[in-house]
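In what follows, subunit A forms one complex with subunit B and a second complex with subunit C.
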Partner chain A sequence: MNEPQIEFERITKRYNNTIAVDDISLSISAGEFVAIMGSSGCGKTTTLRMLAGLEVPTDGEIRLDGKRLNELKPHERETPMVWQSLALFPFLNVQKNVEFGLKTRGISPDMRKERAKKWLEKLEIADLSERRIDQLSGGQRQRVALARALVTEPPVLLLDEPLSALDANLIVRMQSVLSRLQRDLGITFVYVTHSQSEAFAMADRVVIMSKGKIEQVGTPQDVFRRPASRFVAEFVGSNNIISGTVKSIDKDILELETSFGAVFSQVSNNANYRTGNALDVVISADRINLSTTDLAGNNVFQCRIVSEQFVGSIVSLLLELENGQEFRVQKQQHELDRINLQSGQTLWLSWSTNHAYILDSSSNN
Partner chain B sequence: MNIQGNRLINFILKSYIGLVFLFIFTPIITSLVFSFNSDRFASIPLGSFTLKWYETIYNDPDVWDAVRTSIIVAVSSSVLATGIGFCTAYTDFRYTFKFKNAYLALALLPPTIPLIIMALAMLAWFSKIGTSGSIFSVIIAHTVLCAPFAMAVIRLRLQQMNRDIEAAAWNLGATEWAAMRYVVIPFVKPAIVSALCLTMAVSFDEFAVAWFVSGLNKTIPVLILEILQGNVDPQINAIGTFVFITTMTLVIIAQLFFMIRSQGSENNTNE
Partner chain C sequence: MIKKVDTYALTWRFPLIIWQLLFFVGPLVFMISITFFLVKNYRMTEAFEMKNWIKMLTRGYFWDAYAYTLWLATLSTVITSCIAFPASYALSFKVSETTRRWAIFFLIIPFFTSYLVRTFSWYVVLAESGVFNSLIGEIGLGPYKILNTQVGTIIGYLTFCLPLVIILQTLSLANVDRNLIEAAYNLGAGWARTLLTVIVPSAKVGLIIGAVFCFILSYGDFVSPYYLGGSKPPTLSILIIDTTKSGQQWPRAAVVAVMMMSTLMIVAFAAILAAYRKPR
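Up next, the complex of A and B:
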């Protein structure tokens, strides 16, 4: 493992009586695309701003390439940022906006022009260089903001919800622009967002924050399939979380007593579960199978359809068991065509024992 | 019924505005008309057209002295007042601190003090420190009077500035001074020009304080009063017209720059 490029070591940020960031530690390697995700007020933006020097940590140390950053002023750091508000200079044209970071570093006008041109071309906005900012569309402004931040060829780029002002189509396009850019440049991207789809689509690693603390750090797959806590399981969306108590453990199969019957889950042999313990089990919405006939076996329950929702080629179903327990299920449209769904129809849902993930009980208190 | 009601209200409002303009402009226009009238006393019917009164003031060294004093005072105090106003507005924009409201109230206080009281206090203070009657006293007094106007104009502009753009400049390697020079000042520039013109106009017109503290360095309004005290002289109309045109020009320029403010301020909605 190579040396981390960015390190947060036990960072705390306190404002008067409120704690924005609470004792977090995080290492980011050079060239990683890391997304910090959480709902508003979770401390993700404060974390990013501390890296840029716009906030000063109350406690702890931030390092870039092993060098302590805490005392450096924003202008002494090489951590340009793409702002949520974009923060383009409205009185300068596109060219001058992009040149700004070079001008403050005392680079000659000719050199500035040349380097700005290169980035304007890279972001496919060279023909807009003489435009005023208020003559640009949202997507074009986005590209100007990126060019302006990247023109100094920094080791790290910070992005604070840069796509939040764009419409859905543009978001998807800019995501691919950003991903490609990050791969081509090979520099570190630290990306703050509240959007799970943005984080999962682009990031190598996702950091999930809540109330100033880090809940989980992992690849999108990790976070999605193996949430570290109930909070993460709920936050990453389409999960079904079932609570119950351990009834028995037979080799690697754990039987959980729940309000609607026995649920079986695969566990690793050395896991330490005791009969009578309370547990939460997570089953992803896309891991649940549907059938119009009763299949004998474990983890099979009769249910009926409460509602369905089409999201492109994916259908989200809300199902209800006889006792009222609800399940969310996601299926491809063509899979549902096969079972010929009718409303009010009785169905059986099931999942395989190795698709039920047991949440670490220690994090649930 | 409704439409008729609207028409009535429209009519009343239009008449009201007409009356306001009538009351404001009648004396000014009268003065302008009589400044070209050959009769010594203002009376109707008018005499013949003449430039005699303009000739008189053109050849009067006292008038030239007063114009020079007024210009020096107006330019100096508008620059000082705009500088101070910018600093106050910027501290208000950038920082939060204890007693900030008291600080702002203090900064906006001068126009709320009756001019006579202000003028007397200034006179007393300047005599005490021995600068009464010098042109600096008038400049200082006018700076105090004008700074709140400059601050108000610049503060409005700063409120339209996205707070992130200054931080964005730091983030791109600008020191705080560089960010001030390349970002904050360019952004508020229209308001600065507007504040300069407005405070210049206020200083150019101001009489009470100038009369108390100016001593021998008479500004134009002080000179006008002096001429009037001597006798009724139509050259007053000529000076008055000159002052009116100067002030109006400054105020119109100020207003034009003030209106630029909405244009160019970044809005974050995207099409």
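Up next, the complex of A and C:
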């Protein structure tokens, strides 16, 4: 990887007695789309605001292109932000909103007009330039906010849950607008969200935060398939987390003793597990197979359907083993048509040994 | 479709309508009709003549008083708003919510006592042998004549209007969306530019309403120009008193009052229009 563009080095933010951000370090390369994700109060917005200079870190150093940012006032930085509320100026029309950042930089009126026009066209809202903000729809406002932030052609764009006020289908549309924009411009996007689907849909890398600390940094696939901790596995959702103790290790197959029987998982050869260790195993809901007949083999368990949730082409099932252990399963609708399930029916669920991911036990506490 | 009369809504509106008719529309109509009456042998008699209007509006002293009142009220509005703004800004952005609440409470307290009493208490401070002059006399300055001058009048207006204007300004500044202020900083605006191009336009309604109140109160006030300003030159309210005292000229005083009312109406209407004007 090339030189990092943005660096957080051991950043801590304390308010009186509470710690909002607790000693985090993070490097972001130029041109990356990074999503910082977590539930509310996890410190993700504070992290973003420190980059914009709207909060001052208590400890540590923030750098942009190797230059220390800590002491720079917000207006001395090139880190425009798109707010959750969008924060468009209601007393200015679209054109003047977009020109605001150019005006503060002392750019001539002709030049301002030209550059504002260019960005309004790029965001396909050129015909709205004379409108008032209260005459725009949610999606249009979104585009104005983006144009206003991007018109100064910054190296970085910060986004603080910009889509959370939109309705579902508009969110999907704006996601593709944002993705395309980021690819076309080649600038860095730092995107804060609580929505897993937004983060996974757009980001090159996802940062998962909890209680002011970074839980995991990785590609969406990494985070989804190989969660670094139980917290991440639970946060990413649609995972089944099984706890047990190691019974035996035979070459690369680990046998786990659980409350409902023996579970087998593949492990890499260099892994250091000992018999008697407590472990958590994660099986994604979409990795579980269903069958109406008992299949011989490992990781096969009899269960019954507790509930069924139909979400478009995907069906979410809640299954229960004989001992009460619950499993979440996601299947395509057409896959389920094949097994023709009826409610209350007895089924067998199974998963292959290489689809059970063992959580790093050191991060379980 | 027949429009049904909503008796419930009407019942609740009724007192307001009655009140407006009895105490605003009624007296206004009465006052306007008086302007056409005549005074004969110190007694008002019903008539419909333009004499009073011609008499007042062709006199230089009326227009002098009119211009002077307008000037004093404008000066008071500008000075009060300018003194109030830093205080309101500090109360809105620089202190905790608890402090703001206490400050607003203390700003209401002056209204507990009569404005007249507060005005008279200035005598003690502002007289030539008063507190102020003896204090600055200690450092070899003064004494200055403050009572019975324009400065005295403005001090009176400030006593009257400043707490109210600070309250109105603070309420609107405190409600300015903090995100807008941050967005301005974020887009490269320094403190002064943010104040002028974002905070002031955002709080425009409250700032204008505050100024309008100050203008209206100063414009119609009788106490300050009379007791602190020495009533020379006279303002319109002093002119009304003088006119009624000299020969029972109620109709001519009514002309002055109607002129005052119309001026205030125009100013208030224009100000509200400006406050709620949509951006182009």
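Convention: the second predicted complex is superposed on the first by the 365 of 365 C-alpha atoms of A that agree within 3 Å, B and C clash if a C-alpha of one lies under 4 Å from a C-alpha of the other, contacts with A are read in each partner's own complex, and residues count from 1 in each chain.
The criterion applied here is as follows: contacts are C-beta pairs under 8 Å (C-beta built on N, C-alpha and C of every residue); 3 or more make two chains touch, one makes a residue touch a chain.
These figures come from a predicted structure and were not determined experimentally.
In the model built by aligning both structures on subunit A, subunit B clashes with subunit C.
Once the two complexes are laid over each other on the shared chain, residue contacts for A:R105 go to subunit B and to subunit C alike.
Looking at the shared chain after the overlay, A:L54 reaches both subunit B and subunit C.
By the touch criterion defined above, A:L166 reaches subunit B but does not reach subunit C. After overlaying the two complexes on the shared chain, residue contacts for A:R141 are found with subunit B alone; subunit C is out of touch.
In the superposition on chain A, A:N93 makes contact with subunit C only, not with subunit B. Touch counts on subunit A: comparing subunit C and subunit B, the chain ahead is B. Legend: residue contacts after superposition of the two complexes on their common chain; A:T79 is shown touching both subunit B and subunit C. In the superposition on the C-alpha atoms of chain A, the part of subunit A touched by subunit B in one complex and by subunit C in the other spans residues 52-54, 73-75, 79-81, 83, 85, 87-92, 100-101, 104-105, 148-149, 152.
Those residues of subunit A that touch subunit B in the shared complex are 52-54, 73-75, 79-81, 83-92, 100-101, 103-105, 133-134, 137-139, 141, 148-149, 152, 165-167. Contacts from subunit A toward subunit C in the complex involve residues 52-54, 73-75, 79-81, 83, 85, 87-93, 96, 100-101, 104-105, 132, 148-149, 152. Put simply, subunit B touches subunit A in their complex at residues 162, 164-165, 167-176, 178, 182-183, 186-187, 189, 264-271. Note for the complex: subunit C touches subunit A at residues 177, 179-180, 182-190, 193, 197-198, 201-202, 204, 278-280.
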